[in-house]
Amino acid sequence: MINYIFKRLLLSIVVLFGITLITFVIIHITPGGPTILQTQMNTKVSPDSVARLKALYDLDKPLHIQYIKWLKRFIKLDFGESFVDNSPVIKKIIERLPATLTLNILSLFFIFLIAIPIGIFSAVKQDSFYDKTFTTISFIGFSIPTFWLALLLMLLFGVYLQILPISGMRSPNAENFPFLLNLWDRIKHLILPVFVSAFGGIASISRYTRSSMLEVIRQDYIRVARAKGLSEKEVIFKHALKNALLPIITILGLSLPGLIGGGFIFETIFAWPGMGRLGYDSAMSFDYPVIMGVVTIGALLTLIGNLIADITYALVDPRIRYQ
Amino acid sequence: MTQGLGTSKESKKLKKIKKEKIMKDRTEGIWQIIWRRLKKNKFAIFGMVVIILLSIIAIVSPLISPYNPYEQNLTERLQPPSLKHLCGTDELGRDVFSRMLYGSRISLSVGLIAVLIATTIGIIVGSISGYFGGVVDNILMRFVDIMLSIPTLFLILMLIVFLGPSIFNVMLVIGLTAWTDLARLVRAEFLSLKNREYVLAAKAAGAGHFRIIFRHILPNALSPVFVSVIFGVAGAILLESSLSFLGLGVQPPTASWGNILTSGKDYIESAWWLSFFPGFAIFITVMSYNLLGEGLRDALDPRLIE
Amino acid sequence: MMSLLEIEDLHTYFYTSDGVIKAVEGINLRIDSSETVSLVGESGSGKTLTALSIMRLVPHPGKIIKGKILFLNNGGNVDLLSISEEDIRNIRGKKISMIFQEPFTSLNPVFSIGYQIAEVVRLHLKLKGNDMINKVKESLNLVGIPDINRIIKSYPHELSGGMRQRVMIAMALVSNPKLLIADEPTTALDVTIQAQILELISDIKTKLNLSVLLITHDLGIVKEISDKVVIMYAGKIVEVAKKREIFENPLHPYTVGLLKSVPDINKVEKRLYTIKGSIPNPLEFPSGCRFNPRCPEAMDICKIKEPVETKISETHLVRCFKYGK
């Protein structure tokens, strides 16, 4: 197992390097770098951006020196200062991180809570009415554009029924509310964003769980478990489930980029003050240092998440644990 | 089982005809088999019909559009759906239905071209990786891992900002980020096919690498590609509309389903139709592709072939 | 002597989207105490399904349509097909155990060997703690597994095929069942290991007074350890006899064909004998006797009517128009 974890760690480092390389390449992607871009773009880009970009990325110096400088900054997580308000990029990101993490962790929690039981149930009662219904709903779930879903929900609950707020993390004046009301206010603001964020994940994870369970239930050792006289409950929830969940861990790891990246769409829609929104705002205002920072941190988070998923898998699957 | 026939000449002729029929049935092409299986799936056929319909609409939209999609009419801004404006008007008085018709052209063309780019890259990378193996494979797959570590939307965001928002850039950027899954699938096929006998035979006959890749292995490795293309178009359409929605894709006044939805968000409290219709169009389109893709995947699944 | 297990007129069908497969049609089978019965047939003959029907483990879309399976339990006969779900679970793994063909996939990869055997001990023998562990060790000892303390903590992937099959046997026998159903237990193993496993089964059945229903297509194995032989074809039993009778006096043309198909090392043969044709499509069994298209001695009546079981002697039964109606 140590072997396995070590290999994954090594891979992560290689990937990290790759990320630095790609981000570096993108800075220079347009001939002459983004500086040319500004002169072509409209008024959104401030005139001294060109000069500042040059200074920030040392665009005048030869490429390899630029890259080394970039690497050095990368390690210190120093992305420079925002063009918009001059505050350090990393500080801005850290301010926004908790909001994004709250949203993502809650989403993951609900995905687990809802999708896995649905998947198990659909698999055990294959081709039943419930199975067909859930399959249809999941299918709609990953065909529906999330931002449309968000808009529809906002229309329904926010505009017509007026029972849920449609933007922000809390109402204005919330600090003045008594504790419980404050808590309820926070929760109300969380409902729609978490739902939208988790919806796609629930749709796909429930389907993966279902197919994984179906695959496992067909296995010989399940038949053997029944032949031993174990109750169907034990067969499904002990023998089958543990095996079926193994690939789900991997899939969860793979869906992290989607979760983190997707945040950028619905954080914008719901005016959620998270990292994704920061990315969007900075994109709109051509605040390059912040964009680079957001993308890099996003990639780092994904990498860490994947590593955690890999390690968890190694711990849970005895075939890897005892080699 | 033949019953007693007349002359031996007749029976011989009958036997010959029977034999030919059996041979013909047996060589019923694999495509016919796949088509037959696909036909059984009502959902997939529904999806296919919708796709064909939408494609036709996209092509003839200028002919059937009731209004000019760019034409503003400030006296009729934010009108709800009516007989005059089937899907209402937007904040500049433009007819939403016409804009949606033109928008379908954008969606479909972005979908197809982005997928074309992604498929080309994916096939090239996948086949080289799978065929040569070793160091080449390692490097290419590490590269894929790296690309997968960066959340796709962030990557796209970054590329769009650095390249500038436009239709062409959207197609390019989506294409550049969507090839990884296909590359892996193609690579897997190559890994399993490259040791088949016909490949060894070709090698023994002196065929060079590229000839082997393109003429011998690739045609057999293509089945996951078709499924991937269909899902790819669905994904590309979703991405394009997301980007346009956020103002990073197709820019107004050019109409795209995504950017009509931007108005939908801005005017959510007064004009529900701006949110509903374009989104519904995206939903139906994407779902149709997904249905067809799923159907095709099941029809091609070797495990289901008895 | 009362029979231990008696199958009466068992019908098990598969309801597929292409039609109904009458996989087991009208089986009558009897197993006595301490008797080893071999159920022989090609794949698709319905032998595994018969075994699964006894355990009521017929997989979807199969269904047991009718019949009785009488089992001698606690002094009286009970019909396994009509008792409750809870009751049959009390029989599975406890009074009747089954081992399967593929040792590589029959053990759950995420649980240790000890755990999987302990499950049975805890469930059926109601033992806990040290008593449970000791019983597990005892069972592993019975099947000749070395280094028991290490094996108990090991996981299936760490063991060889032969070892895994021994573990399966241990798991099946730990609660001292009366009947062991073994579905091709050695088919997936190397020849040398095959011999070991057969010897193990042979030893244990005498030690524990165990009845065995051995399902196989390998006549060599049949000769080694059976008392009685049952030949199945296309869902029906075509011949039943004591081992000696089958090998010295096979009656049904199918049985004759099977025996002829086994090459004899002492004879010089120019061509290997095969039964012509292949097993019929289960969706469209031939009319009349199901073997008739392949039977070298088929008569006209064989194509029209199905023969019934004819008793040739007290222990020898055949279903063929050559010997009766």
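So that you can tell them apart, the chains are marked A, B and C in the order they are listed, and the count of residues begins at 1 in each.
Simple rule for what comes next: contacts are C-beta pairs under 8 Å (C-beta built on N, C-alpha and C of every residue); 3 or more make two chains touch, one makes a residue touch a chain.
These numbers were taken from a predicted model, which means no experiment stands behind them.
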Reaching subunit C from subunit B through chains that touch each other, fewest steps: 2
Pair with more cross-chain C-beta pairs in contact, given A-C and A-B: A-B
Computed distance of Cα centres, subunit C from subunit A, in Å: 53
Separation of subunit A from subunit B, taking each centre as the mean of its C-alpha atoms, in whole Å: 25
Set of subunit B residues in contact with two or more other chains: none
Complex contacts: residues of subunit A adjacent to subunit C: 219-221, 223-231, 239, 242-243, 246, 316-319, 322
Interface residues, subunit B side, partner subunit A - complex: 142-143, 145-155, 157-164, 234, 238, 241-242, 245-248, 261, 264-265, 268-269, 272, 275-276, 279-280, 282-283, 286-287, 290-291, 294
Interface residues, subunit A side, partner subunit B - complex: 11, 14-15, 18-19, 21-23, 26-27, 29-30, 34, 37, 40-41, 139-140, 142-148, 151-152, 154-155, 158-159, 166, 254, 257-258, 260-262, 264-265, 268-269, 279-280, 283-284, 286, 288, 291-292, 294-295, 298-299, 302-303, 306
Contact footprint of subunit A on subunit C as seen in their complex: 55, 57, 59, 89-94, 97-98, 100, 102, 105-112, 119-120, 123-124, 154-155, 157-158, 168, 171
